[in-house]
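Once you scroll down, you'll see the structures, which are given as structure tokens.
One chain, subunit A, appears in both complexes that follow, with subunit B as partner in the first and subunit C in the second.
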Partner chain A sequence: MKRTSLLWLAINSLALASLAVASLTITTVARAATRPHYGGVLRLAIAGPVSSLDPADASNVSGQTAIQHIAPLLFNTLTTLDDRGEAQPSLALAWKSDFSSQHWEFQLRPGIAFSDGTPLTANAVAASLRVANPRWNISPAGDSVIIESDSAARELPAELALSRNSVVLREGGKLIGTGPFTLAQWEPGKNLALSAREDYWARRPFVDSVEIAIGRSPRDQMLSLELGRLDGVELAAEQASGTVAGGRVVNSAPDELLTIVFSRDAHSPEDRRLRQALGLAIDRSLLNTVVLHSSGEPAGGLLPNWMTGYEFLFSTSPDSQRARQIHEGINQSSAWNLGYDQTDPSARVIAERIALNAQDAGINIKPNPAASPDAQLVRIRLVSRDAHVALNHLAISLQLPAPDPHRASSQSTSSQSLSTADLYAAENALLQTERAIPLLHLRTAVALARNVHGWSEAQDGRWDLPNVWLSAEKPSTEKP
Partner chain B sequence: MTFRRKLLVIFALTVFISVATVAVIVSILARRAFEKADDERTAALVAQFQHEFTRRGEEISARVAAIAASDAATRISYAFSRKERDYAPFLGEARTIADNQQLDFLEFVDGQGTIISSAQWPAKFGYPDASLPLGQLPQSAFLKKEDLPDGEALGLFSVRKIDAGEGHDGENHIYVVGGRRMDKEFISGLELPAGMRAMFYENFKSGFSPQSLIDPSGTPQDPQKIADFVQQVLAEKQESTTLVHWTSNPAEDETLHAIPLRDLDNRIAGLLLVGSSRRQYVELRQQIRSATLFAGGAGLLLAILLSGWAAARVTRPVEQLAQAAREVALGNWDTRVNVHSSGEIAELADSFNHMTHELLEQREHLVRVERIAAWKELARRLAHELKNPLFPLQLTVENLVRARQQTPEQFDEIFHESSTTLLAEIANLKAIISRFSEFSRMPQPQFHSLQINDLVRDVVKLVQAQLQGPGRSTIECSVQLADTGEMAGDPELLHRVLSNLVLNAMDAMPQGGRLTLLTHAQENTVSVEVQDTGMGLSPEECDRLFTPYYTSKGHGTGLGLAIVQSIVSDHGGSVSVRSEPAHGTTFTVVLPRNLDKLQPGGEERNDGQVEV
Partner chain C sequence: MRGKMQLTVYNSRNPRMPSRPIRRSLLFSLLLIIVSGWAAAQTPNWHTPEQQLAEKISAVTGPGAISLELANRSSLNRTQAEEIHRGLLQELSSLGLRSVAPEEAAATVNISLSENLREYVWTAQILQGKNEPAVVMISLPRSSATDSGHATPAIVLRRTLLWSQPGRILDAAVLSGNPQRLLVLDANSVNIYQMQSGHWQAQQALPIYHSRPWPRDLRGRLVLRKDHLLDAYLPGVFCTSAAGVSLTCHESDDPWPLGSEELRLNAFFAPARNFFTGALTPGVGKQTSASAFFAAASLPRDRYALWLFTTTDGQLHLLDGFTDQTAATDWGSEIASVHSGCGSGWQVLATAKDSNDSKNDSLRIFEVPDREPFLIGQPTEFRGEITALWPQTDGASAVAVLHDSSKGEYEAYQLTLACDQ
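And now, the complex of A and B:
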């Protein structure tokens, strides 16, 4: 072998070795970038106003959606719901009920403490639940909590997964929870800072802290996100289908109901038929595709199809001609004021579109946010993935009669879980009251920066922040 | 009316008429000038509005043309040239572009007139725009009524057509319709002179609607006040002017000029209302009135002063002359008038002074003459009175001398008779002298409380015997006494007064007659009348009746009535006579009650001093 050949072979070998080392290094770096790791400050922004962090504070109506995001960070509930809406253990390890489903016993998970070190006891849980549910008879029994209600409460485990049923230790105006984060700073309506709990009973969150800016306009939020001042922002429904420069948008399943709610019951058959005509006149599809940029689905029922599986049974197709025929067959002139939320940028256009559709059918509707409305355009978030619980709370929020699935269906006994037929019957009964005209089921969405990982794409749009971690892809030094 | 007042009236009228005439003339001239200026300002404002209207129309056209040439419009036209039409991407496009171009209205409309994107009514996508003139596009800006979610609005519009090339259904194009609202901001852009304002009335509904009245300066207090005018202009479809009384204050009045504005269909889309405040005119008129009143007042004051001065110049000497004449009438004949002027008044004053001077001299001459006459009369009386007793004395003495010489034997008897006669005549002489002496030494009355009726009765009783005495004709006496009440006087002197009057009356009726005594009572006086039915007296006799030593009788000293007048005068009263020849004579004595001259005990001194 010639000397030059040996030299050539040596050079090639060295090159191959270098290439192999380089490949190994790149692979290692790449694997490090996609692997969850601890540390960092997650900076978020939500548009909704939050004046109180107490999940049981019923007066904080406008901030309920935001509380549903924030409460799980500070507090735990006895149960949680999985993606199918089934109750799963959380602070309660197990539960059981009697035959009538009126007496329930929840066994608490041992070894759990509040963020101030106070051990979680049955007394503390009972005291917390009594605040949110004064009609329940709640009593501690050793390491268990006994909950008794006047009527069958077959969905009580799912009900207890609601944020409002979070276990909160209320001491001297302070709210202390067992959640993955503890409160570091709180300026009501402005800023919230949370610190990760090292001793969290499940697992320490990846990020060290979370900073949440509250009440900022969607435009400011998006601007801050694109400038790298925020890691994630809550999007309005009409922004859900959009894109974010240098980031991504995470959509939930439709978990918000856009509906018209009348302020009072139909006072006559003609009034009822007029409301039916209005429901037929509205072109929900155009509302969804044009006004809300396909960020939802036309809604014929109160609950979305992914939750019930039967929503397609309720028609959403507009029939202006039929609506006009109904209107012409009614010897009653209508002049309704349609109220809407002025702070919602899409609400006015939606209300005006509804008025135009109604005008096609001869129905006179005047969008007017200031006047005392005959009907109101509202958005209501579905509080639970459990359809029955969600329907109950929808009825409460819309001030509709409480659904009674037991009366609607005879197929289920009190000890059995409610069937889909029961749910359909209950929902249909609510719709028959003509108090509400469902329009759209809307998605909630979050725009995230590129460095945010592990964001759960849950159907109900929950923020599963303990599993979120931050990569070093987008260094940022600016504060939100 | 006095001369001074006449002068005042003449001066005041002259000043008032002059000032009023000037004021009226100035007012008329001011009104005409104001109306002319108002017309000019209105015309200028209308021209400015039309210029602004044109300018803004061109501006809008330019903006719409810029939009039609923009990438956004191209993108929209391209998107809607396809079969699948999606309004969603352009829902807010028109609003964004309109904001950028500062337009109130902006719509993208497809070839069939369907709204693709609307700035003023975003929800109206997919609906037709019926008001758009797609057949023949106007080249310039035009007025158009625009439907809005909350009503209607009038705007100045421009439209541009964008060709999008060959589409799925042939030649494709879209329209860009942009405009600005004829609102307060639009009208506020007009540069209005002070006192003028511009309003706009949107002619959307039949009948007057206050909500359709756009007033940048604020809503008029009562828009209904121009309702009739607006409807009249809309009906007549031509410019018109009216005067609007907004309130009861004339300064709030406004001259309103209405100009119809037409849309593409030549319908009146609205009215431009140019208001011109009449405040300046009213204030000017007020100032003229004030100045007139001031000038009038000053003129009146001046007239008063001038008339006073002139009247003083003219009438003061006259008044002095009149006053002097009154003084002369009162007996002050030495009155003189001092007039410091010249001319007729001064001549009159000199004549007056000369007259009074002459009168004084005449009076003094008369006094001297009368005094001489009185002395002559006195001498005659004295001679007459003394001559009567002297003649018997002379005869008696001559008889004694003749008896001593011719019949000594009868001398004693004659001496005795003669001495008796001499003594009687000497006594007669002494009586005559005593009466004259008594007249010259008339005593002052001693006031006592008395009833005049008692004195009358005493006098009648005293002369009763003589009324029907032998050798004379019968005189009937009648007494009519009133309730005269108490009075104060000297009973003896008053008795003498009444006696003299009654005796005079009896002497006046030698052939008999009727003597009547009457008393009357007044509040502060008591009067007594003594009437006879004698021969009466002539006026000349009446005038001289109370002159001392004058008598109309064949006997008497002529002092009786002089004494009567003296006594009555001393009592503060008066005596008068009225008589006609052959109809008798009536003497009337009027006496004051003089109760204040009585002492507390009923007596009082005639000097008025109270004795304590």
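And now, the complex of A and C:
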């Protein structure tokens, strides 16, 4: 994901601060509680590169965050997650599994059609899901889809709510969905225009269309917002604590993990202890406040506390004295190269600060964006509000060992959802490998113009654009 | 291997029935104090989780002297946390663990009451000697029943909770009689409940059939009738009850009745939107059209009725049969008139928000002696957004539907106005 330059950040912070007074004045004025208005064009900008709209396109790694926002506009999934992270019906009305949780049957909602009029069938769903999940055995069965996996898949309904599992009709290079919008214009990596579907099965969106500018610099985005050329822009995490002239900033709960990931398993007990020492040496609070403008929270675990309820059990307090003691007790010199994303200027500052902390404990780390580092500074978005699904995907993305909840499970039978204690055991086991040192959980944010209403303030920062409406538009001018 | 389905694990329960019964009958509602908001929260039963956590701690420490600290990191209030603390001490004591000062303890137990999206998570970190701390935990579903009530300092507005449910409520109506009955309109059905022993008991669900998808921000209105039970109006659909309490629905663009029975006016509703088109029948005097509007309220005058419309362009229009005046107000889009007998006899309820950032709506009461509305009393705050406000058929009350996003529930309130003595 592209990141804000520090220079721009400083300029922007000053500008935003100077406009805060105006915003405060605005918030004291009572606002009418009006019903949502239909109509209008919602103009957005996102920083992330999007070269493909196919949510199952694994090659589109750098655009994964953006595609998580865009895919639900064009496509639906079999299930969706509610505010509690629990699977709810979407294209599937109901589902059931056998006792082993390996064999699942999803009954499709009747009467759904793709935007080109093609009826949604079990065949089409099965074909779509096979693209994203070649290891699953997927077959149509009447109005249902059968999914079989090699091992227990107790969280499958939540897994199917992921964007990558969107139901897509792929025909002649075209991607057709059942979602609330249809594709009006697509210039890969530049612009996307969508039109609301009048016949959308889950109710027509309020706005008539959405235009999304892609890959523009944060500076351009903010200027366009303030000039009224955009209605909403995606902010970098370090901008999340700011304000915006004539509008507002909507923050998510911390839903992005900043972590150090080692390229290999610890090769010796000493190496393992040295990694522990590095974890103790890093002052996460200072990283958060100084470098990232308090846009996150110190992270001891891979998943944030709002998702698990137990993250505080993993300590985030720095203890350089203890780190030094550990280092001194090890007969091994360390000289790690710490890689980071060169396109993210704040990553360099973070890497340098980590190196300073490490130096205080006698550990030698060199920030180095060159290839083949010993460890990498990584920012990664949590893909699901379901903690088990999120942990699994973190492990896959960070190339950590797969969490083994079955081994950890002491409380759940194979047919039950995994318990929080199981999740804790699985996450703790992952951390015990010393492959990853969590640093911060960061918020994501959007800046919105004042005429934008109904923007979801969901904890994971997902966009619920069908419910967004614009007060500047006059629905009375349109045909009912 | 495809085996026989042994266990059905259908999607999460999506109950239409409320998880908790209404605890006060309407019969006593008039005796309630003016504030409402049904503040009395149920007392949750913490005994089982206290017992479970105590057993897990005991399994690590064995009987003996422990030092116990408890930190509340959850949305539980202080009283609840203290209650849990006491309960845990009691359970631990019954397992042979006594709480002593840290310097006398064989183990230190740090308990945290935390939570995630779905559950309360109670953890205990147990430190014995120089060993690595042991961690045990239990989790239990979070219940909205533990939310404390929210009292509001209303002056003349009485609100009585009629019903709450996870799904969107469009309108509700109370049928007087013995026993009382409650009708609740939602996107799929009209549900009939009967008062029994102070609680509404489900009696019948009358499904609503429609062929086209409902529009977003769905609206609907229930109208009680003298010659049959009810009519239900939804966008593009009209339903009417028949003998034997059944419901017949058909696609229809028939106009919806506005106001109360006494002051009748009908208006056409845009079938794929959330507003009225502005076409009126039979009209306000000679005026048969207004700007497209969200809601209307009527105020009887000596020789005519004054109609107020909150139009989709955010204005308030006042129609008296001859003129269409616009008033500059900060009213919300939902309004309803109520006959209180106080002041001029009729007042208008209007929604508002406290601030741009507020998720909560409030209701304000206005008198409209001539054409200029003026505020009376203090706004009554609601914990959530008001998604519907309809006058009841008799005009003596209104029904407001609140969406409390923190609880994920819709609540229907009966609103009446009382003279502020």
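The rule we apply is simple: the second predicted complex is superposed on the first by the 438 of 480 C-alpha atoms of A that agree within 3 Å, B and C clash if a C-alpha of one lies under 4 Å from a C-alpha of the other, contacts with A are read in each partner's own complex, and residues count from 1 in each chain.
Here is the rule we go by: a contact is a pair of C-beta atoms (placed from the backbone, for glycine too) under 8 Å apart; a residue touches a chain by one contact, two chains touch by 3 or more.
Predicted, not measured: the structure shown is a model, and the values here were computed from it.
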>> Based on the shared subunit A superposition, would you classify subunit B and subunit C as clashing or fitting together?
In response: fit
>> Once chain A of both complexes is superposed, is A:58 in touch with subunit B (first), subunit C (second), both, or neither?
In response: neither
> Thinking of the overlay built on chain A, is A:286 touched by subunit B (first), by subunit C (second), by both, or by neither?
Replying inline: first
>> Going by the contact rule set out at the top, does A:306 touch subunit B (first), subunit C (second), both, or neither?
In response: second
> Of the two partner chains, subunit B (first) and subunit C (second), which one does A:202 touch, if any: first, second, both, or neither?
Replying inline: second
>> Which partner chains sit in contact with A:99 here, subunit B, subunit C, both or neither? Use first/second/both/neither.
In response: second
> More subunit A residues touched by subunit B or by subunit C?
Replying inline: C
> On the overlay, how many Å separate the closest CA atoms of subunit B and subunit C?
Replying inline: 25
>> Show me the residue ranges of subunit A that touch subunit C in the complex, using the header's touch definition.
In response: 26-38, 79, 82-89, 92, 94-100, 102-103, 105, 146, 148, 157, 198-206, 248, 305-310, 312-313, 385, 387, 415, 419-421, 424, 450, 459, 466-467, 471, 474-476, 480
>> Considering only the defined contacts, which subunit B positions touch subunit A in the complex?
In response: 86-88, 91, 121-127, 149
>> For the complex, give me every residue of subunit C touching subunit A.
In response: 1-12, 14, 73, 112, 114-121, 123, 125, 135, 137-139, 213-218, 270-275, 277-278, 291-292, 294, 310-314, 329-334, 351-357, 361-362, 385-386, 405, 408
>> With touch defined as at the start, can you tell me which subunit A residues reach subunit B in the complex?
In response: 286, 289-291, 293-294, 349-353, 355-356, 367
